[in-house]
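One structure is given here, and the rest of the page talks about it.
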């Protein structure tokens, strides 16, 4: 660490320190081929497999006994399941957004981050997609939410935000996979060519579809890739707006506010960036990728995190303000209940972890210190979970008629699902770092080339 | 069908063959619905091995029966399969059953048949029409033709009677020493018994029985006395109104029943008389009161109610002014009241009153004085006889007697002479004077006051015979137990509280082959072959002169015309001075420590309904608790003893003590502890066993109602209580609107609907709507149970209620206004689905499982529901209920037999809610369509509406300006719940009018 | 570097891709087909019965009216199964010792009912009412098929919700005069459409409101 | 320069992208037409230089997106207005604002699928076996080397002049791709 800070001054000048192309290929492509840290990886995989097992058990028992095993009740018909869902889908927004948005803005520094950011997105969305199905009272009829020709001559109810979510999530997942894969093809070719073993050659050979990197390929590929990026950005926005409307379409105090869609999108980006920051720090230290994921990357991540955090905070403030300014007694009651009610802890946890903590990012020293960045990222991730919990529960447990007021306490099985999905996430992510190039090889090379060109034209320092 | 005589009817007597056609014609217009669903579910059932196993497990009796009769039993369960109705004829040994196969004009497959009969509550008949589907009673409605006020409606207990019929825990076999025996064996025993009794004139025979109003049974008991002059009849009702007879004895020299005529009363002053609370007269009183109220809602001359009570009651909740005073203060208050009205001495005692008491007495006295002849002074049935007598004198002096209160010869057995009391029996048993004890219906081992040590003393009796519906605590202490038939499955008769003789006819063949109480008594008399039907005919042929036509008429009507008790208003005997109020109670309780009072539980009464899950899970009107009884205390006392709701406390009375959870009851007298009876049973059945604590354990025969010198101690344990309403106040909302008489007259309905972006959907032909007049609602819960019975609403159990998962489609919200110690107001609000025209729930549903119908119904389609629970989350009224687990399917097949075949039984993971009883709407629509006419107003009556004793609920077509509901909506008190949300509900309310006395106009 | 894949590999890859795609599509198509097939709907499937009762013989042969056995079809939701006694009204006279009728005689003797197998059975959450359909001029044949041609009873129609809706959306083509409801041989006049429309008018059929959920589900 | 009998093509290897770009330009000026170029990462303008014509992918995407959007809107309108009209919470049958979101999602899906399909088809992918893989140095094409492909069938190869051009392109090496 110390030496890095020492070379730090020049770091901002170039995203990735000058180095031969081959070294990039070797550093990254070699990881899938002969994996450096087998034991640690296996241990990690084992642990996450355990939690994934817990997930399987929790879902099995859920299907056997019914959603009654959760803490939900009347009036709190939605509990942890929905909070987790919103949380996961939020995390699942950052990857694609970072990758696509920064690509369009041709922010070269993205090239070291987008790959694992996108992977993270995929797995998070996958975890999220579980919840809408398992939280059904009769999950075996989940396909009734899809439009298909059936003998009942019935359709989904397209005015329902749940149907919007079905469309949004399924399509978002598909598009993310495609975007991820398209971006991966050239690197798969690289790995293929590096591979010596027959298995590796065939495996990556097929996956890379016989990519040759010919000029025409590249030209069309780049067109498509930018296209997907351009479409992915509004898609991400629409996805989380849809999720927000899951709440704001209802007439309940604390849900029905117009700020929800942007507020949720910001929150999603925010939490996502938090996680990306964490992953970046972990990967670079684990795999010694300091020369690819540099301090400058962390610095930039920190800035983005701070920015999106402040936007989210704006959402908090406006949400509270409109509630108060509306003068509507129920809106106000809900607001004050969030401040001081039975579930105030969830509100203040969200405020502290999502707003107070990130203020540290104003300081470059903090941004550039991987440890600090990691912890702030973690704080954001947890804080956003509290926010989801707060939004779901505080609105439901005290709605309009005091006679129907209730309470909510999550049961073991609620928590089991959260733990289980986290386990599943890590399981998938570990497979990813083991078998696929976790950083975009060719895009880093692109960066290098431009830096060389710069270096050639600019008077060398 | 179902009204067939039991199997062993002799061919000569075959009433229904002739009765049936009349029934058919009479009931045709009532008949509706289809039995199809049942038919199937039970078909599958009877086939399945599970069912067979169930039979073996659940019906040892059935196993004992011979192979053929067992098959018959199975067939009975499978009745709906054979639309011919064979089943209802049961195991008729001979061919006589067959002719009934082709009587389609009686039993149209899939059409409901209605029988006029009655259920029993504390021995009094509760007239009902039993709806049966192919020989299976499923629902009870009031009998509108019955002369008793409010007979067209029912209370919660009557609604639950049909569940009692199917209760799988009812005793199923005659047992001797706990082992299954036969009827013949028992009859054999009685032969020997009779010989001995003939010698000693029955000197050592004691019969213990609860309230008896049945003319036939009384006739039989008289015969018994005649046969065994020395035999002693004891008579015990754990709650009852025995002291009323003592009171009238003191006042008029003979025991009389007291009948209120609330429809004539402009002012009611009640000292602890829970006129509108649960009890045999609840429906009657509610009907009388609401009749006058409905007439005067416009002119504002509403009945004014002043109540002094130690523990809150539904009556207190309606009152304009309530005074909270210890129960033992009542006589003193009465003395002062009487004194200031110039009756008896005691005005001197004024000094003994607190400020508050004096003020209240002055108001009450003033009101009574100002309304001579149209006022009523009501005294709690549990207050001392002297006090009762004094009250009668007051009413007589004010000229109220004969107008607002009348008297009649006791409808049941007069309970006045000491010799017939339970105490006498207990002592006799202790003294070993009792050789033979026959307990008919009563359950003294559980309900007898603790000091009688009844169980042990009873064990000294050498022959103990018990006949009852359940193998209960008493049965377990008896040699012989004979299962009695349920009122809905046997021939009998009984009088309603107004004295009208009502007929009980079987709606189904005895499920467990029980014996009617008449047959048991007949056996004692040696009439071994007499059937209940014979004995009944015997009684009534005597009265009706054997006129067959008249008898048929009686069966059709369900009651004997003009058999109502003759009422009178006798003059009190002797001078008021003779009445002594030898009760000195200090003004404030400190000196005498705490006062413990005993009250029946509003849901399971004295414990007789403990095993009825509907009633166990029915939220108690005031506490909204389920599945438990509590020690109700005042907030002050709770503070003093550092007790919170749910804390366990030990109540010690006269050396006996009991532990139970305390509950803070707003409006409870400061130092009074209310012990609710009816819980802590050990042999109630799977539902009732172990729930709550046994209040009888600290009750004494000397002071069965109120005991001074009680002590309460905190044990430090916390007990879990399941309440359905956690928040007691409206938090500034105006969900239940109230207005003074003047406001009510000035008021105008809600301003027109707020604007909307959405198109105006038209409901030209039918627009179903419900209107609930909160000014008439007394919070009695009848609607809740009626809805449960009609709509197959599952019971979920204490844990689930605790988790907030109760399933009631209509709930009665209870709000308090004012202080915790003495709330100014207790308000009730029945809350079914609002059927919003712009329903938030429908928008949320992703699969079109809840949509809007062309008649404005918010339709819930169970079989399309995937259970996202979005609709419920979006519902601002939280009236939707979710099947978090498989609630319904777990019911025993017997209970499933009660289910309404026209309502789908909801599966796990499915949302459900009030449908405005759409099955009734559909039935009406189909009938109307077939006759090519529109549906008439009042043709569709929802279950809650038909049960409501005050007619607070009106349902109908708001597109028709003349319909009842439309007229209701014109009321100046009309308002919409949460109108600001612009959901445009079809269920609307009328504001409650506050008693003049309470809005400063008095 | 050397070739990793043989020239043939591409063919195989493409074949594989097409195969996967067609399998997926195929499964969907087959699934859709099965749901609508007689196998699932039980249409035209003869069911095992305690007595091989022949509608063909009794209806076409003897000319019995439907209502002779299904007595409550005009008043009630259920058409009603004939009680044993109904069978015996004739079979106490004729075929008195025919072995096929043994179960019927047994039922009469022991008082145990015959257990017919349901042929036209709807799910429990569907509340079909015979009487209203009959009174609005929907013939037995329309839903039960030509039972007079069925030696053994089978389902004449799929009884899928889709199928119910077809008629509830546009009843006209399926209506007949009330007097022809129980007529097995009734044939519509030339101008079916207009004829049906006329009946819709005459019987005040509330077309348009027949498709809302509570018509059949509760 | 090794001479195999009639190779399929010549493969000129370069150390940097700039060299390749320059070389490609020169060769093209020299009149070569049957060219292709390979690089480990996209090089701006390389395709134009060797004379590949512009792609039609944007059109694919446009059509796909339009189809998705219109199809989505039509489906929802048909379901709610024609197929099974139901009163949902008093909302209009055709609740266009509510239909927008699914329609948009479908538009995105359509566009993306169309673009990707178009790219694969135009690129003739997947193609596991390709002559260029025969060249043993070609493995570096995905690592750090840049290649220019000249098909043997290109007439200019047979002219000495044309041949001469190749010698001073600054190629690190010239390989032959066996037939």
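We just call them A, B, C and D in the order they show up, numbering each chain from 1.
Note that in this section a residue touches a chain if its C-beta (ideal position, glycine included) is under 8 Å from a C-beta of that chain, and two chains touch if they have at least 3 such contacts.
Just so you know, these numbers come straight off a predicted model, no measurement behind them.
Interface comparison, C-D versus A-D: the pair with the greater number of contacting C-beta pairs is A-D. Geometrically, the chain at the heart of the complex, using CA-atom means, is B. Chain A and chain B have Cα centroids separated by 59 Å.
Taking each chain's centre as the average of its CA atoms, chain A and chain D sit 30 Å apart. Computed centre separation for the pair chain B/chain D is 83 angstrom, with centres defined by C-alpha atoms. Annotation for chain B: residues 840, 843, 848, 851, 853-854, 864 touch two or more other chains. Contact with two or more other chains is made by residues 1, 4-5, 10, 13, 212 of chain C.
Chain contacts: chain D has residues 84, 86, 88-89, 91, 126-129, 133, 139 touching two or more partner chains.
Note for the complex: chain B touches chain C at residues 33-37, 39-41, 43, 71-72, 75, 81-86, 92, 97-98, 101-102, 104, 108-111, 851, 853-854, 857, 859, 861-864, 902-905, 915, 918-919, 921-922, 926, 929-930, 932. Every residue of chain C that touches chain D in the complex is listed here, in rising order: 1-10, 13, 211-212.
Within the complex formed with chain A, the residues of chain C that make contact are 1, 4-5, 10, 13, 32, 35-36, 160-162, 165. Listing the residues of chain C that touch chain B in their complex gives 71-72, 75-78, 80-81, 83-86, 108, 111-113, 115, 118, 121, 123-125, 127, 129, 131-132, 135-136, 204, 208-209, 212-215, 217-218. Residues 84, 86-92 of chain D are the ones that touch chain B when the two sit in their complex.
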